[in-house]
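Here it is, the structure, as structure tokens.
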Amino acid sequence: MYYRRTLTDEQINRELLGAVFSTPLWWVLLVSVLGFIVLGAASAVGFMVDQGLQVTGLNRSVFWGFFITNFVFWVGISHAGVMISAILRLSQAEWRRPMTRAAEVMTVFSLMTAAMMPLVHLGRLWRFYWFTPFDFARGIWPDVRSPLVWDPMAITTYLTGSVLFVYTALIPDLAVIRDRSTGWRKTVYGILSLNWHGNPRQWKLQAIAGILLSALILPVFVSVHSIVSWDFGVSLVPSWHVTVFAPYFVIGAVHSGVSAVVTLMAIMKKLYKLDNYIWEEHFDAVGRLLVVVATAWLFFFWLDLVFAFWLAEEQELTVWRLRLFHAPWSWLFLTFIVFSYVIPVPLWLSRRVRRNLTMMIITTLMVNVGMWLERFIIVVPSLMQKGPLTFDYAAYRPSIVEITIVGGTFALVAFLILMFSKFFPLIPLWEAKEGQRLGDAIKVGAISVPGIVKEE
Amino acid sequence: MRISDPKDMWAEGPSEKEIVQDVLSRYHHISSRFLAWCGVLGILFLLAVVVVLIRLSNGFEDRSEWGYYSATLLFIALTFMSTPIISAGLRLAKGQWRRSMTRVPELYGVVGMLGLLMLFPAIAALPPIEGRRTIWFEWPTFAPMGWDAVGVLALVLTGLAMLWMLAIPDLAKVRDHFPLSGRQKFITWLAMGWVGSVRQWRIHRLGVLTLGGMYLLLFPLVATLLGSELSAGLLPGYKDAIQPAYLIIVGVQAGLALTLVTMYVLRSTGGYERYLGVDQFWALSKPLLALSLLWFYFWWSSFITFWYGRQPSEVNIIRFLMFESYRIPFLMAFFLNFVMPLLALMWNPVRKSLAGPALVSVGILIGTLFNTIRLVVSAYSVPDPTLHLLTELPKGQVPGAIDLLIVVGGISGAVLLFLIASKIIPPFSLWEMGEGTRLVRVRRFMNRTVRVISKQN
Amino acid sequence: MTTVKQVPVRPDYKWSMVVDIDRCTGCQACVVACQSENNVPINDETSFQQHRAIEWIRIERYWEGEFPNVKARFIPVLCQHCENAPCEPVCPVYATYHNNSGMNVQVYNRCVGTRYCANGCPYHARNFNYKDPEWPDELKNQLNPDVTVRHRGIMEKCSFCVQRIRRATRAQSERVQDGAFQPACAQACPTDAIVFGDISNPQSKVARLADDKRNYKVLQALGTDPNVIYLKKVEA
């Protein structure tokens, strides 16, 4: 049952803005450590640009490795924001309220990180601007036939939309901070809050903007990861040339992204002591959503597997034999399927597990480990396998530079989210207040059933 | 917790007693128009049965003769047997507006029996599985007929069980409402001694959830089976991993369209306007629009992979199924299942009307029929499915008079089954509507009236 | 043999190559010649161990039979200059495209090194510069001034010795005679296993050899339509 806590506006303001107005020691320590790791990764990138890609583990067969895996993974994580914010907003699910901003912010930062990955893996990184649709005095424009040109188009569209999404939802909260601050803070937040005073006209615009953005960003959300999947799908590499990749990747992204949001929410609840706002019921509801999404993902994975054997093409069978039967790929594969589905989903069927914070953190972290491995298993074995002609097939072992850079991306996203929380509240104040006002209950016989007010 | 004072609310809409009285009286009465329709549909169906039996005597040498028959089977399986998913899905999502319309899609579950019956000649017409692509790979024991039949049977039984379980409280109402007669004896038996005790409701809830979940899992399986048997396995070089998922979308879109059309008919001819209003049509038009977009998305995923890769085997498949031999069914399906729903349903006034979604749904049903014809008739007309490459594209097979009879008769049989079922099980879920009257209140909120909706966990 | 589309005959040249497997002895003279003509970086033991060796043309060796009846089979593999190349549409910066002489051209200046083209090539004919090339001082004088020395981060592959083609076709206004020049590999081959020329000229040696009944194209079923034609080995 939903236990509604009655919170006053003042209490909401004070508790949720606590992180903005004070700086706890753990925050400083964590940000320093993460910042240090990010600096390390940045130096690794510099080293790689200077020395060339020879410092990676890539070779003449396996041209794409850790960086592309990481790229697809972070694009995947970025799908969480839209799923939770836009879809749950449009379907008016009450339990989305504490999660929307954290999810959207994670989308923005993970998308930015993802966009960096294909740049980092370029042979001539300093020429990356040639992807821009502009004739830089060379007489030619980018080739729109290439999926690598569709990628930046999709990602920048999604990034723009997500930033707008975060910003429009942030405005009322920025006004609250402005009203509670003095000095430079007041000026800066005053400018950012765009003269928000909370009158009916402004709220109406806010509501319309929210609905429009939610509806418009949905096709973008589906198309971004589909376009990333077509990087693989339209090529002729065996086991990449599969029609199911687009929805398979999208639903995998939702699976991994929503799990990441759950991890984030659980950590937020613990670190910022947000027990009044993030309840067991939220994890219960997300857990049920995850069961459905994960099972749908499993169906697409099964389709990929079954149809790989459909034409019994020797090339494709070789890749799958490598994935399923040869160490270390067989171990990676087993880990992936166990971590992504076999352990978490049956656990999530139990209400007790869904409401247990520690279990949710563990299971959702497992899911993301498994999903990272999934991307790795898709990218590298296909490039590694011995083709009909090739006299040069090779194994791939990531170098320390690649590991540092990939690890750095995780630190970067965490770092950015922590920095964000210093300046903006991670739980939308106005959503919490709206949830309070719309809460109600109905007497049915002797029982009071909690209800929600819906406008006609 | 603020508790809504019973005195400051007023219930809007009919009370549970009024609903039960109204619906049951309409359901019980069998008008002459109803009988006339049953007669017409019955005759068409019988004609089709006769024609099929005649064809059966010809045997299965010429596979292309069975193309339209199998296309009808796939159409019925996708359209009519996907409808329980709509009911299960809406119940999972817990929308309040669904309460008055979920029984209609559940009732269509009975058409599964026809689908199961039609399965056997369609599979018998298939060539042996050696040397060609199938999902049975190296394991031919009982394949394909045995396992396909098991799969479809499981789906049909689950659908029937789900319908029965969901209907039991209402059948009990019917049992108690009307005097004993022939029909009533059957209904009394179906109601299985339901009295509405707490224990019975608990078992009921568990059963509904379990059966709904099972149906949600079984339908994709059956779509995969039928898609690969009737279509993909017979087309040389056709490796399309997304086709089962595409067929699921095709099926659910068509099932939703079928539900909308049926709701419209029930409203206008059955006199049920009070329960099937703009709210329901508006709410259902949104998933219909979403499914139309998904239709395009899944089709495009398959197309872009084949077209961009320029592999000879795949390019020939595209030419066969979309650009040359079966261009007309493809264009019809593309327009009716994607372009028209998108252009019509993107406008809120269209979504908020009654005729809008209903007309779009009729188009979708016709488009789905063209789509299944495109996928199955083409496959059955390929002379040698063991090839790796479709070198010569067979010409598009235009339906003969017999083929048309089979298609029309099959669909008539499906609708007839629904009509008969609707006179045994009430076409409205009375117990769910009653639940709704208890869980929804209308009250004042800051100078406006709003609905307060509670959700049980 | 189904080709996807018929490419119209260009009024320009259509450069093609015929490789006679029967004549190939696997001596690797073509590999060495290619390397010196095209400033291909030196491959040492480390490059081979790292599987990063750059070879514009490579000799693949296959063993047949059991001892004592073992036979070695050689097939030189180079960029096939496919008419339906899978590497071409995927380059985001037009660094690789099909010119109107039937060749797949690599423009080093434009390449940003996404390596997508390399993934698509079913013949694995494309090479990537993982590091800047180094030549000892003594060998710098033997670099060919007609050919760019590639920087790190750039893709490269067989160009049919496009510098020789350009030199020959630009030296005169009439059509170049068959045999007036050859790519380095054809020039170095001791058994004349590699023959190069304009296949649109029916009198050229390439056109006549391409009609031989031993002809085939490698990985034909993929529909890439290569411009390199192989002649099968005759079994003794």
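Chains: A, B and C, in written order; residue numbering restarts at 1 for each.
Keep this in mind: contacts are C-beta pairs under 8 Å (C-beta built on N, C-alpha and C of every residue); 3 or more make two chains touch, one makes a residue touch a chain.
None of these values were measured; they are calculated from a predicted model.
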{"item": "Pair joined by the larger number of C-beta contacts - B-C, A-C", "value": "A-C"}
{"item": "Per-chain Cα centre nearest the global Cα centre, belonging to chain", "value": "A"}
{"item": "Chain centre separation in whole Å, for chain B relative to chain A (CA means)", "value": "35"}
{"item": "Rounded Å distance between chain B and chain C, as computed from the means of their C-alpha atoms", "value": "57"}
{"item": "Chain centre separation (chain A, chain C; CA means) in Å", "value": "44"}
{"item": "Set of chain A residues in contact with two or more other chains", "value": "234-236"}
{"item": "In chain C, residues with contacts to at least two other chains", "value": "86, 89, 222"}
{"item": "Chain B: positions in contact with at least two other chains", "value": "308-309, 311, 388"}
{"item": "Residues of chain C touching chain B in the complex", "value": "2-4, 84, 86, 89, 221-223"}
{"item": "Chain C residues touching chain A - in the complex, by the definition given at the top", "value": "50-54, 58, 60-61, 77, 86, 89-94, 110-116, 118-120, 122-124, 127-132, 151-155, 218-219, 222"}
{"item": "Interfacial residue positions of chain B with respect to chain A in the complex", "value": "1-4, 6, 92-93, 133, 135, 137, 217, 220, 224, 232, 237, 239-245, 293, 297-298, 301-302, 304-306, 308-309, 311, 388, 438-439, 441, 445, 448-457"}
{"item": "Residues of chain A that touch chain B when the two form their complex", "value": "1-2, 4, 6, 91, 219, 222, 226, 230, 233-236, 241-247, 292, 295, 299-300, 303-304, 306-312, 439-444, 448-456"}
{"item": "List of chain A residues in touch with chain C within their complex", "value": "51-54, 56, 58-61, 63-64, 118, 121-125, 127-128, 130-131, 138, 140, 142-143, 145-149, 231, 234-237, 383, 387-392, 394"}
